[in-house]
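Some structures to go through are shown next.
Two complexes are shown next, each including chain A; its partner changes from chain B in the first to chain C in the second.
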Partner chain A sequence: MSMLGSLSASNLDSPRSRKGLLLSLALGALALVILPMILPGYQISIVTQILIFALLAMSIDVLAGYAGRTSLGHGAIFGLSTYVAIYWSTTMGGHIWVGLLLGIVAATILAAIFAILAIRTSGVYFLLLTLALGMIVWGVCQRWTSVTGGENGMRGAGRPAFLIDHAHFYFAVLLIIIPVTWSLWRLVHSPFGWALRGIRDSESRMRSLGYNVQLHLFIAFVLSGFYAGIAGALYAVFNDFVSPSTVQLSLSVSGLLMAITGGIGTLLGSFVGAAAITSLENIVSIFTERWPSVLGLTFIFIMIFAPEGIVGRVQLLLARKHQQS
Partner chain B sequence: MSDVLLKLDHVGVRFGGLKAVDDVSLNVKRGERRAIIGPNGAGKTTLFNAITGINPATSGQVIFEGRDVTRAQPHARAAFGMSRTFQITNLFPTLTVEQNMQIALRGLSPQKFSFFGSSDFTADERQKAEGALAISRLNSRAQTLVRELSYGEQRQLEMAMTLATGPRLLLLDEPAAGLAPSERIIVSDVIRSLPSDITVVLIEHDMDLVLSLVDWVTCLNNGRFLAEGAPADIRNNSDIQDVYLGRRHHA
Partner chain C sequence: MSLNLFQLLNGLTFAALLFIVASGFTLIFGLLRIVNLAHGALYLFGGLVGYSTVKLTGSFLIGALASMAFVAILGVALDKGLLRFVRGAELRQVLLTLGVAFLLNDIALVIWGGDTYTVPVPEALMGAMRVGSVFYPKYRMFVLGLGVFVFIALWLLINHTRLGALIRAGVDDPETTEAMGINIRMVFLGTFMLGASLAGLGGAVGGAFLTLHPGADAEILVFSLAVVIIGGRGSLVGAATGALLVGLLNSIGQVVFPELAYFIIFGPMALILAFRPLGLFGRTA
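Take a look at the complex of A and B:
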């Protein structure tokens, strides 16, 4: 799927677009702080969900947008973290915070296993391999009833008292998402992040320059899984329930679609994409229960008409305007 | 012995039934300028791929600075001091010249594993990048996107990137192919002005260009060694004239 990568806007780093970036960041942050004061409780929790899925989408974007490797296995990595966190706090009766850490650790280990199997491949093979690996995890969650509760899933132990209020929980998630996003931003703009772009554009060139391409991809996959694990752990507290639908393919597809809708290779576009897709899902579900079909159609529509995504499109327009002036 | 930088010992590369490189042996001395010539399909690029590990030799040995690297990974050979350009331009087209140079420079430094650090040049890196860009005559284009460079400038950037890490062996695969005459002059001037301690092996199809640049020429045909000699002898070698006859107007 290097076609996704090649679309990513590259003029992100000029001083001018940096100014624009800072401005939109400031506006975005302001909106995120004010929103819960004006929204009713139910809608606050939708915004919370958007933040969590944006993190999942960003973790996918690290691989898809920067390393040119489109994963359909990240839903499973995310969901494993949710399973482990809930299993720890209910069945094992452990502390929820420890459960969250264990969930993130489990997701990171699962990502390492996926990575060992998948990094030798690229393009459609990578897509299909990660898809198959995700399906295995889904199958295990479905069948291993004694541990996972099978189809019925598992109910969590309930949020800690101070997080029960929608707005409180929202701010707690926001407090975690902001530094995590900042670290992702640093990651994709670090020398390591630039090496990933190089791998996306030409592996043979990178090898000849001295890069161990497999090692870089392995590390990128594990880091990406770590971030997906954080999102999955937050989701455990958010949803307080987990079932095979949390690890199923449609979650991987949603996450990828959010990254694409926002703009693959833009990182922060994932917030825009997550907001767009989550809002669409909430509107669509008023009229029909066929969300998976609508999701599929949306995917096709975006790939045909706006493959560079919303933020990607805005960047292109700005760059063009900049060139003309 | 120690003045032999690169030694190929009965190197062969097979693709199924095809022997693309067949039992080639040669020695390249430190500081030498060597050309490898031969008609299309002679196995020149495949030989480069065996030397650099992109497509390892299936028989024989590749010895670099006395070390057997026949099975080594390409990135390991780069760390030993080999560097190459590709026949088909192989750059990062959506990035700027400077960003291409940053990636090139960090290929051999631990900086490439800096996960959260700044990607800006350090003072030392900037100096190296500017040095390499100056040799390749590209210093005025640092902020340009690679896909907006002319084809000739892209070939110059290929050379700047391979020079950036201070290699001891530089392998250039048809650096002037497909260029306009004025661009060829720039490229041959760049090759001529390379630091004399760098050993250069150059594949080139154009005899006139190559014979003015090198000390010694090896000619391949059908994957096999055909002849070698000083440029003056190559011009008059009848075997080589036969191979090139009908393909080139001169010789």
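Take a look at the complex of A and C:
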């Protein structure tokens, strides 16, 4: 199968690379804690955004990198969560925390619907199907003006008072992202995660070994949607505004691009990818309004020259060095 | 009752446009195994080129031909310039065309701005004509006729010409075809140009009754995807069936649930996928 996932070099479980991994993790965590103390407010909110998008990218990576199913519909799952959270806290006048929970629930349900339709397909068909499903959500958000506000979108009720400060909000997001990332890490390194890799590499082999392939894929998709939903709910508090552009294709594409840039099948590479793409977007928009062009060119460039991504490339180099020594 | 006939005609004419666009998509998908997600962008670009040409020359025919030619050249550039680096890697190809779609849309935004355009309809096709018990725009009847014409032309091309035989042979077994001394790459390139030019034609024709605006590419792309997912990869009859289903459901949906019309195409797509994951006329590769 010519999947992206087959490019991943996930040999993280040898003791030596494990040490390297722990070291880079510790450094990364340290940076995440120190950064907000030295950065000005606006930059802190960019780092917050990076964390949220890294979670979206990881949720895509669970399917793309481990189950070999590349989704272009996760922007819609993410965005639905944002819509529900904001709709609940403004139009319905409900409590924001309940709204966030409802958003995550809605995203998980939507993921289950997508999953039922999509798990029977693989490869390009899976991609097309999730793309079409995601775009239907976008179309509904755009046209169902009486509920979604159409093109104008909806403004949120404002962040709770203690989260208004950029640094406070950053740490709140970090406090959520760390355990969520840990649970994702456990997920892909659990027997279930290994079964997904097995399905990615050979569905028929797993089937003859007695695995229920469809059920595994269904659960993987729903879990992935759940994580995308958490990211979407956080984004509702972060952005305090939602419009069809939150569910549109370019968000699914950005999320996937972040996962790919970091390295498909590396999970934590999503942080690197999200940081790279988000920084690029912020730097580019200083000079030009042509971000979509840059996004398109980046995509073309990475597909041609570096489909294994940054972390994937580093892993490959390390593995080669390891073999030589 | 007369309203129903009007809606039926709306559905049929929209289906005809969808067929023109989606047949190009399915040709490229079926033969080259390339899912060209830039197809919607090619449609929009073709439509805008058509608009500017018609404004310049005053001739709708020249405008439509210019769209087709321009988009066919874009297709060649895409295939020869970019896709050749990722041959064989299906997923990388798809994602690459996605990048191209973003790029093309943004370039269109730079050249034409964010305004909404309508390609001027030729004078002979202006006004309404009597169809049964209703008066219906002549132009849309022309689109319906054009859709049928494209279907027949493609069907004859694929089933009754040497080129069609080569294309079919290439679909079934590219290696053997090549071993028989056929330059399969030229056949592939020709098909890519043909498929792309159909997107251009769709843009020029569709731009005269749907509007051309940023985002029109995504709308037509999702409709084309639905058509191909329903009809099955590479099948002309499938594309026609899918286009009819989607076109008619869309126009019924707009009457019954105006706000959720988009949602209506979801129904048949889900049903068909549940029973035939490869579409009505799809075959395994």
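Following the convention adopted for this analysis, the second predicted complex is superposed on the first by the 323 of 325 C-alpha atoms of A that agree within 3 Å, B and C clash if a C-alpha of one lies under 4 Å from a C-alpha of the other, contacts with A are read in each partner's own complex, and residues count from 1 in each chain.
FYI, contacts are C-beta pairs under 8 Å (C-beta built on N, C-alpha and C of every residue); 3 or more make two chains touch, one makes a residue touch a chain.
Note that this is a predicted model, so its numbers are computed, not measured.
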- Task: Specify the outcome, clash or fit, for chain B and chain C once both structures are aligned onto chain A.
- Result: fit
- Message: Looking only at chain A, is it chain B or chain C that touches more of its residues?
- Response: C
- Item | Which superposed partner A:279 touches (first chain B, second chain C, both, neither) | neither
- Task: Would you check which partner chain A:201 touches, where first means chain B only, second means chain C only, and both and neither mean what they say?
- Result: first
- Regarding the shared-chain residue A:223, is it in contact with chain B (first), chain C (second), both, or neither? first
- Note on the structure: Rounded to the nearest 10, the angle in degrees at the CA centre of chain A toward chain B and chain C equals 80
- Query: Does the superposition put A:211 against chain B (first), chain C (second), both, or neither?
  - Reply: first
- Message: According to the stated criteria, A:187 is in contact with first (chain B), second (chain C), both, or neither; which is it?
- Response: first
- Query: Looking at the superposed set of three chains, what is the minimum CA distance between chain B and chain C in Å?
  - Reply: 12
- Overlap of chain C and chain B interfaces on chain A (superposed complexes): none
- Residues on chain A engaged by chain B in the complex (per definition of touch): 6, 8, 10-11, 183, 186-187, 189-195, 197-198, 201-202, 204-213, 216, 219, 223
- In their shared complex, chain A is touched by residues of chain B numbered 52-54, 73-75, 78-79, 83-84, 86, 90-96, 99, 102-104, 106-108, 111-119, 145, 161-162, 165
- Query: Quick one: in the complex, what on chain C touches chain A?
  - Reply: 33, 35, 37, 82, 85-86, 88-92, 94-96, 98-107, 109-110, 218-219, 221-222, 225-226, 228-229, 259-263, 265-266, 269-270, 273-274, 277-278
- Given the complex with chain C, which residues does chain A contribute to the contact? 2-4, 70, 72, 117, 120-121, 123-125, 127-129, 131-133, 135-136, 138-140, 142-146, 248-250, 253, 256, 260, 290, 292-293, 295-300, 303-304, 307
